[in-house]
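What follows is a set of structures to go through.
Below are two complexes that have chain A in common, paired first with chain B and then with chain C.
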Partner chain A sequence: MALADYKRDMEGCSRCSSCKWVPFNQIKSWRFAKNCPSICRYNFHAYSGSGRMIIGNSILEGRSELNDSVAEIIFRCQMCGACDTACKVYRDDIDLTEVLLELRAYCIEQGELIVEHMAMIDALKREDNVLGEPKARRGEWAQGLGLKDINSETCEVLFHAGCRYSYDPDLRDTLRGQVRLMLQAGVDLGIAGAEESCCGGRAYELGYRGEAENYADDLLSRVKASGARTLVTPCADGYAHLKFLYPRMGKELGCEVLHVTQYLQRLAQQGKLRLRESVPLLVTYHDPCHLGRMGEPFLADWREDKLQRPMSLKRSGRKGIFDEPRDLLTSIPGVELTEMERIREYSWCCGAGGGVLEAWPDFALWTANERLEEAKATGAEALVTACPWCVRVFRDAAAESGLELPVYDLADLVMLSAGITETARA
Partner chain B sequence: MTSETMTQSFETISDEAYRDLEAAVGAEYVSREPGVLDGYTWQPTINDDPAKWVKRPVAVVLPSCTEEVQEVVRACNRHGLKFKAFSTGWGVYSGCTYDNVVQVDLRRMNRILEIDEKNMYAVIEPYNCGAQLQAEAMKLGLNAHIIGAGPACSPLASATSGWGVGWDGVYMSYGHRNLLGAEWVLPDGEVLRVGSLDSGLGWFSPDGPGPSLRGIMRGSAGALGGLGIFTKCSLKLYNWPGPPHMKTEGVMLDAQTEPPEHMRFHLCFFPDRASLDEAVYKMGESELAYIFTRTAVGAYVNTFAPHLLQNVSRTRAFRDVLSKTLKWGCTIILVGNSEDEIVFQEAVLKEIVSGQGGLSMETMQAAAIGPMMVMNFLRVSAIPMVFRAGGLFSTALARNEAWDTQMDWAEKGEKIKQRWIDRGGILDDLADNPFMALYEQNTWGHCEEIFQYNARDPKHLASLEPLFVEFSVAAMEMCMEPLSVTDARLREVISPMMGHYNEWQKKISLFLDARRAADTGMYCDEVDIDLSKIDPEIRETLDRMVAKLTWSEEGPPS
Partner chain C sequence: MGLNIIVCAKQVPDPEGPPSSFEINEAELKVTARGIPPVINPFDENALEAAMRIKESHEQVSITLISMGKGISKAVILKAVAVGADASLLVEGDSLDASLLDSFATARLLAAAVARAGGYDLVLCGRQAADTNAGLVGLGLAQLLGIPAITLAQKVDVAGDGVVVERVLPDGYEVVEAPLPALVTVSGEVGDLRYPSLQAIKAAKAIPQTVLGLADLDLDPSTLGRVRTVALAAPSRERRCKMVEGETPEEAGRNLVLALRQDKVI
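Up next is the complex of A and B:
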């Protein structure tokens, strides 16, 4: 597909501004009524989902041109999908996220590149991870856990750690704890260790589609070799790409894909994971965009008139993963959940996605702080989430703003309750 | 990328003027980047021009306070530029109509400055949206009028600058009736405070002590940005006996609102028009209803299940059920302060409905429809769904009058629409799609004829202008002030038949705006329309009307 293939989507915009707001039924206050970090931070309409579509349409009609500043506008967006979900509450014929992705690919095609993104892609090509860390050290986190190495053995469940978890020392205890929870439940678990690569999803979101395809092929072959029937990942970003992007690119992994919270919840339901210890804590849960609305599985492409598209094929975000993390969280004795105003498919983004953290860290932190304030307003003692990118940016934002709110990965609390001592730090 | 890909050229702003705008609001908050400007130029809604782009502004500014707005307006005056206010910008009216216009996007002025619980009013800025105000007001047992354009729109823009009709009008009236005061940056940059505010007495009264200029600043339709920029206003709030928050699961089609105490949601149907009319008048006399609208079955189905309507409309029997059996109906939400009161209200409603041979179905406590639909009416949250069927819609025959006159208009509108549906010029919504509301317990009310079209269908786009002319002529035939009073295309024709209203507006404009700095295209200016292509029969009617109704120098025709 090319940008021009989305002309009808762009022209469909009525300019109603719904893409800037939480779905109207769910607006509960003045303070937390908005949903798009980009327009909230930069204010010109061009920074909204609608505004970016108008830019695309304007370029296609020869009214304006793509230049450095327009490319910046296109990329100062977390690709969080809040605009798309909000638009689709009311409309059936506009696929906003796809237009945003297409605009990014168009920028790359036209040579309008963001320096920090180029650096990231270079690092990715060099080291197979988006952080530019040495490839050889990717599997170090698993030392001593006794996991199967899928390069030489087969396994039932392949654990794909993802780039952020593999390298972020601050998150290592969490990652190891997740694996130990699964091992303790008797799961036949394997990893690719140093041979694990990025899923390629971030490259796709930045507009580098060739790279994304290569990494998808790579993962595909690894899954095949492992013989795994299930792939579990703790990375929400990666989860969305495997559930949506891969099938959309025609890359069928041939196994069930689960986020680690789903898997742990299953284990808990089956009685294989016992949550015994009380964790007395009033918490609020942040839905990671890529586990929630963007984690909705790929349904089908619809190439006909989208006005005629059956509702069941509309990517509404509602089939994302919202309930399992909450179920798991509330099954921990002592944990009490209080919800923020913006949740589930209309959740506010953490700020880290879409290449924003790398190119405009101030914008990422600003976005995260908005969320921390919302979390704080619930009276919760801690913010819990289920994505390493979210945890990272929330902790950094809290440190920067001085807002005192511990941030946990959901697995941290599960570990505490299951008596796993690999201690979590907030 | 080179500029070779740009095939169109546009006016630009001088560096000097641009620097002045930067000085007014800060460099970060001004842009002349064409892609950014086009964000304000794409205005497809209620825009009959198939291109859907309006005039591109030469710059856009984002002021944060009244002083910055003043500085922007003064800079425009100095540099011979025009300016145009923009609150949330839904609808063609917020777009520029001239070259060399600076768009003043008021997005950063977004606060609720005060909710005076005791005196029941709120003071707000332009980019505070209807849903935000309602959410905060409800926490205090109050509610704010939300127009039919929905909760994304600015209550300030509506109350100060354009129309103001909504389903809650039966209880919460019309836009300008709720306006209690305004801070107004005039087209020369001076600030005028309207009503008691100017006497230092606060925001409670629009008509003094202090200047009462509501007639001039607002009138019936609003100046639509043609007389300056309103930076704050106070709006009347109303009693809300419901919960502080309408607890709702889901977002729209899956929405389920917890039925609050003392609230009922009734769908009423009547055997014929006469019985509906009679019942509506009786409801008004009984001071019944918190929300009221005529039930337009085709519109409801087309909004919530457009594919269903497409299929149904091919089936004669179903079509008849929807368009004939369920034709004469209304949707009513009752809200009481106590259980006793709601029981009483419901008993009165039932008596009125059954007295006219009608049927009334309570769907809030007793069926699933109410919990799904109630926020759509209380918060007007489903309005963007009207675009599901075809991508766009427009409206005609919209004015305020007594109920039975409105029903006449609705019937006339239905006939016109049916002809265009038969020709394939607009979407089929069973033709009967009037948006009807009452004001102030039915002392007056509103009707407009909505039509939906497929924005990507050239045949539909080609229908827009002739349909507009046909509706406008029909309005004049029915002695109705056409919606087109705010449409520059017909002012030249219509104004002489309506006491030269347009010339008076121009005088007001000139008085307040000697340098003509405000963009008055939507307020009082004219543009040519090619009438040569319109249906000869309609042209004949128009000529007849012009000959009969045009005012002379001395006054109205005898």
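Up next is the complex of A and C:
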């Protein structure tokens, strides 16, 4: 697909600005009624989903040209998908996220590159992770856990840690705890260790599709060699890419793909994971974009008139992973869940995605702080989420703004309840 | 007395992209890169790295990066100059689409650009471009500049008034010297170009850059040789899989050896 393939989507925009707001029937207050960090922060129509579609159509028709300023507007967006979800409440014939992805790929093809993203892709090519950390150290987090090495043995379940979890020292206890929970439940678990690579999804979202395909091929061959029937990842970004992007690119992994919260919930339901200890805490849950609305499985592309498209193929954002994390959370004795105003498919983004954290960290932290304020307004004692990128940016934002709200990964609380002693930090 | 090095760098679609990144339009006779960025031709990056090593080991060395083409990515140039170039000179224009110019036309344009860059002692080019793999421009440029050329360098150094080059041979290398000014085409054996830091890339916006058009060069555009594509097709790849049978692993191994011998692989 190319930008031109979405011409009808772009020219079909009626500029109603629904893409800027939580679906109207879900708005609870004026304070938390907006859904798009980009338009909310910059307040010019160009920074909305609609504005970017108008830009795309204009470039396509030769009425305007792509330059550094236009490219910056296109990329000052977390690719959170909130605009798409809101648009699709009213429209069946516009795939807004697809247009944004095509615009980014177009920028890359035309050489309109954001230097921070270029440096990130260079680091990815060099070290196989988006943080530019040494590849040789990728598996260090697993030392002493006794996990199978899929480079030399087969396993039932392959654990793909992802880039952020593999290297962020602040998240190491959480990652090790997730694995220990699974081992305790008797799961035959393997990892690729230093040979694990990025899933390539972030490269795709930045427009570097060729790079994404290279990494998809790499992961595909590793999964096949492992013999695993299930792949579990704690990275919400990775989950969305494996669940949607890979099959869309024709890269079938040939195994079940689950986010770690889904898998832990399954183990709890099977009685293999016992949540005994009470964790008396009033919490609120943040839906990571890529686990929630962006985490829908790929079904099929529709290249005909979208008004004739079966509803089951419309990517509404409602078929993502929303219930399992909440079920797991509320099955922990003592935990009480209070919801924010913007939840599930109309959740507000953490701010870290789409290359924003790397290129405009101030924008990422501003977006995260907006969410922290919403969380604080619920009266919750802590914010819980299920994505390493969300945890990272929320903790950094809270530290910067001085807002006192502990941020936990859902697995941290599960560990506490299951009696796993890796230190859970907030 | 300083040493002025010119490095010629072409932008090409990222050659590390998967095959699916190259969309071949047989009807319109063109190849379109999809989902991959332009990059500096890897061999030209080797040339820049060779220049940087000379700069590190000698005093008063100045590096000017020259690039020519249609729609040159400023970000890609920025990253290249950020490793340590002192200036860049770009020649841009819609008629400078590399796929429409023949190698000698490219060499003529570069020679005109080199004339605009001021004095030079050493010109470094990649051994060939990753898109066309012709390997002709460097030698053509030396011919037009009227200076000696040494190809396939794995090491380049300057000693006195000359350049000393280790030139790659199929079974080793030979050492070749030439008086300055000279042109050297650089091979991959020199090593990868160092990575600039993000801070260096951002700071590189302050490095002087000259942007010229075709009209600024001292040549007649109508005399430039143009390439006319007659036909374009993706090479067909056929994979044939033959299963080697055997009752035991040993027998299967023997049969595999026989099959490989039969096919003259071993």
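Quick note on the criterion: the second predicted complex is superposed on the first by the 426 of 426 C-alpha atoms of A that agree within 3 Å, B and C clash if a C-alpha of one lies under 4 Å from a C-alpha of the other, contacts with A are read in each partner's own complex, and residues count from 1 in each chain.
In this text, a residue touches a chain if its C-beta (ideal position, glycine included) is under 8 Å from a C-beta of that chain, and two chains touch if they have at least 3 such contacts.
The structure displayed is predicted, hence computed values, not measured ones.
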| item | value |
| --- | --- |
| First (chain B), second (chain C), both or neither touched by A:195 | neither |
| Partner chain in contact with A:108 - chain B first, chain C second, else both or neither | second |
| Partner chain(s) touched by A:45 [first = chain B, second = chain C, both, neither] | first |
| Contacts of A:119 with chain B and chain C, given as first, second, both or neither | second |
| Partner chain in contact with A:336 - chain B first, chain C second, else both or neither | neither |
| Chain B versus chain C as contact partner of A:214, first or second or both or neither | second |
| In the superposition, chain B vs chain C on chain A residues touched | B |
| Residues of chain A at both interfaces, chain B in one complex, chain C in the other | 110-112 |
| Chain C-touching residues of chain A, taken from the complex the two chains share | 2, 68, 105, 108-116, 118-119, 121-122, 125-126, 207-214, 217 |
| Residues of chain C defined as touching chain A within the complex | 11, 14, 16-18, 20-21, 33-38, 71-76, 78-79, 195, 198, 201-202 |
| Chain A-touching residues of chain B, taken from the complex the two chains share | 1-3, 5-8, 10, 29, 31, 33-45, 52-53, 56, 60, 62, 88-90, 105, 107-108, 112, 128-129, 131-133, 135-136, 150-152, 245, 248, 250-255, 257, 306-307, 375, 379-385, 387-392, 454-456 |
| Interface residues, chain A side, partner chain B - complex | 8, 11-18, 20-21, 23-30, 33, 43-46, 48, 50-51, 54-55, 57-59, 61-67, 69-70, 73, 89-93, 110-112, 307-308, 310-311, 318, 345-346 |
